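Going by the order they are written in, the chains are A, B, C and D; count residues from 1 in each one.
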């Protein structure tokens, strides 16, 4: 039985005058224990909305239209915010937020902020025991634990704050961790150090299953077992990392892969492909394929008939002409 | 080959911020020369001093030690300097004033010249520049900056350079805030500027892949020092300095082993 | 030595700064009344001098001139006289220096109206009453206002919909107008509370329980005319700060982690409270000004009533004395707020350690 | 333009503008509908309100309604006058300090903090006490304006210095714009909405401060203002004799002005602030 499952999830934002933005429109996937699913896509494709959905956080103006989200078979839909907060958040599903380096309370020491998390989910526990537990966990993060635990966020470097957030988010050994662009603002060297630390936590079984969200496909190649490419609120292609990176089938994934530039001998000759235009406005419902007007291989039918996800070359593709 | 004039010449320049115990050496005894009509990339992690160097080339900050010359002489009069050296900034959204239309801001860029060209010529040059970044002039007619997307805004910054036609362009991380698929466009325009308008371009970035594709020479910077200089192939495939090697290894390249699992 | 204790260094530095402000306050106090052409003593003499013999007036005038330090004195204190016996006026600068000396020694000169009484005596007594009225009103108003403001920011719903316009209305009524309404409603239409004075005339000033119970009976209306307006002001400030804090990344992260609701409210309260503290210090001056006037409605024996009598009686030394006292009260309040911020706000402390 | 449309959708904005316009309408056009006569006595002192004189008479027997309208006019006038001075001085110093930076910024900051600590109220007493001759409305307005600019300077400076770091200033500078052009075209438009909100608060403070000084007898000479009405009500013990029309209408008017200005400010804050901070 998969540890985490999303069944045909539809989410929309309620705007002021009754129109709805269907930010997530029929997303389905399931993750097994110990698997890392990568989600890639341009800015504005609905990644962050999907994150709120996966955590059961349906705070207005975001509301679910239909579909289901299951953690270990237990649905997160239509449950009271209190119930979600006590039983799901940080214990079953936890998040490493985007821009993690300013997500720490500036007026509280790291140890107190972490202790708040523990006290919110577990009864009692004296200060000493909690500090010991924090100390052991922060030892794994490769930092001077005592200095970090006793300092304010303002006294730490961006890298240290990033690691502390990862430490806090995974404190209660959640079943699933969602990392929302955890390294986008860091430079290459720090990025590699943070990813190495995440692998280390995975190996020590602090947490086993992860959804890793970023717009850089090469990073996902090394981090994720399977990758789902999202465009305008839908998954357009879903397959193993090798399939997506080395043998993309959906025109959008192909364009994404070929617009990557890396220091390789034949790079000079291989002109990078560009995608003009911008993602469609999601207020109006779109009949045909949402990528039709930007796609290089677009045909008449693309604009008319609805594109269903189908199996092509052992992976899921949402394009009827994909070979 | 006709003798190339030196656009920038730096001899042992240093820049220190702060004083006493708190001082930080942003640029540490750096020497280099940049000739005419070439694209030079400056690559390095955050905090390596590349943006400080960019500001120095624009004349916004002076070195605390050493000699920094622009075509043979110190940068004295900023207005004159900016007639030949123009920047492109990193964040397209905060680059334009939200209260004026795009076109009026592009046209007001011509105030930098001693005598501003005639209105008709300014309009022509701006229209020509817009076409160069394949945006049809009527697309942005009467439009305000907040009505355009990030990619379009970045192209506006480049259109401004196509219109002004300076001798040197300092592009400070023009691609970092833009999605991957538009990134390649930006690089194309840089190369177009060099080929068609014989412009010298300084391209600042942290992504060595982009630098390899677009530049004639690459400087690798680490903690305020230039640790490696050379053609893209030597820097990418036969690096001498350990830092360059480290930089190359840290990039998640799809073909190479990145982190042992 | 100071490097190790950043907080003490910060407090000393701001202490020095406030002392400088205190000196400027004294100088402003000295310069402003002299802006007008008429010299204060001439006005007084013209007013009190009517109907007395020429000689008596002259003696009195010289007494005042000496009192005011307006005339040159030779070493043994006699007035230096010029050719035709008129006292030689001392230069403005020496007046200023003598005034400065007097203030630093705490001697604010003698009041004109009640002549033999020293200004400092009148003022000290009035300040005692003021502490009793102002301090609790400000502290209670601040605490309750912030709590209600934080709740309004967090709950938003019906509580905020009702509470916000009400507190906006209350805080836009000037103190004394609110005092008038209260006096009229609870003093005259329903005569529950006494409306004038600080205590019943038949009870004399003593520290007995009987005096206190009576005084608190008189105390209620002036207090109620200041307290709600302060509360409304602080609540609005805290509400907008609270709403701002709720939008920050760390609050969103805390809610993602499922941290308890009242713990998150305490985060909002704590982080919004510190800028609120600076807010308090900033407009303390205007608030105390307004509150003093509210005393006049109830002729509560505080500084406000003293100032009114001084102005009506053209009693310059008393006006200067009370104005200086109000300035000192506010400078002291700002200084205490600075210390509290230095101790409680890690961001400031970290900033200091770095500075 | 677009902003105005957003504003008009806000009920609080429409309510506060309506209330404000009502008071201004009453003040400016009052005399056309109701004969204003603040000199001649129309009845015995403190005559109860009757059909002819809706709010009776004051301690001298002058018609209260005309007193109120005249008082409203002068109070608004002083408030506006003080507001303009305080905002103008504050904005100029704020933008100059925020934009120039360096030691000028520290100097202006020091002076502002100094005046901020010394209470406006004390300065007012000292100045008014020494000006025994005609304290005209303009003079009172100037005094209030010159003592309340500190708050504006401090908040405008914070906004201006945060703007200085934005790229569009660097781009404008590289376009060859001089300091004046930079301040006028690139800093001020961003601050305009903020300065207007500060102006509203300053006008409200001006009106309230005028009433406060008049209460202690230092108000404008030989003219009527809401503060003067309240002062005469207090001095003639109108409260004890239950003459409500001597002070309640004046208090209501005073509160309405300040309340409508404060609501206007808060309603605009929801629309303007997030945009400015973007």
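Please note the rule applied: a contact is a pair of C-beta atoms (placed from the backbone, for glycine too) under 8 Å apart; a residue touches a chain by one contact, two chains touch by 3 or more.
Note that this is a predicted model, so its numbers are computed, not measured.
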Among the chains in this structure, which pair is joined by the largest number of C-beta pairs in contact?
C-D
Return the chain whose centre of C-alpha atoms lies at maximal distance from the corresponding centre of subunit A.
C
Taking every chain's C-alpha mean, which one sits closest to the mean of all protein C-alpha atoms?
D
Mind checking the centre-to-centre distance between subunit A and subunit D? Centres are C-alpha means, answer in whole Å.
52
Taking each chain's centre as the mean position of its Cα atoms, how many Å separate subunit C from subunit D?
22
Could you put a whole-Å number on the gap between the CA centroids of subunit B and subunit D?
50
Centroid distance [mean C-alpha coordinates] between subunit C and subunit B, Å:
58
Where in subunit A do residues touch two or more of the other chains?
none
Can you pull out the residues of subunit D that are in contact with at least two other chains?
none
Mapping chain-to-chain touches, which pattern fits: line, ring, star, complete or other?
ring
Dump the list of chain pairs that touch, please.
A-B, A-C, B-D, C-D
Of all residues in subunit C, those that touch subunit A in their complex
249-250, 252-261, 263, 267, 270-271, 274, 345-347, 350
Under the definition above, what is the set of subunit C residues touching subunit D in their complex?
18, 21, 24-25, 28-29, 32-36, 38, 40, 43, 165, 168-169, 171-174, 176-177, 180-181, 183-184, 187-189, 195, 236, 240, 282-286, 288-290, 292-293, 296-297, 307-308, 311-312, 316, 319-320, 323, 326-327, 330-331, 334
The subunit D residues in contact with subunit C across the complex are 113-114, 116-127, 129-132, 151, 154, 204-205, 208-209, 211-212, 215-218, 230, 233-234, 239-240, 242, 244, 247-248, 250-251, 254-255, 258-259, 261-263, 266, 269
Complex interface listing, subunit A residues touching subunit B:
42-43, 186-192, 195-196, 199, 215-219, 221-222, 245-246, 255-256, 259-265, 267-268, 272-275, 278
Touching subunit D in the complex, subunit B uses residues 58, 60, 79, 82, 86-87, 89-91, 94-100, 108-109, 111-112
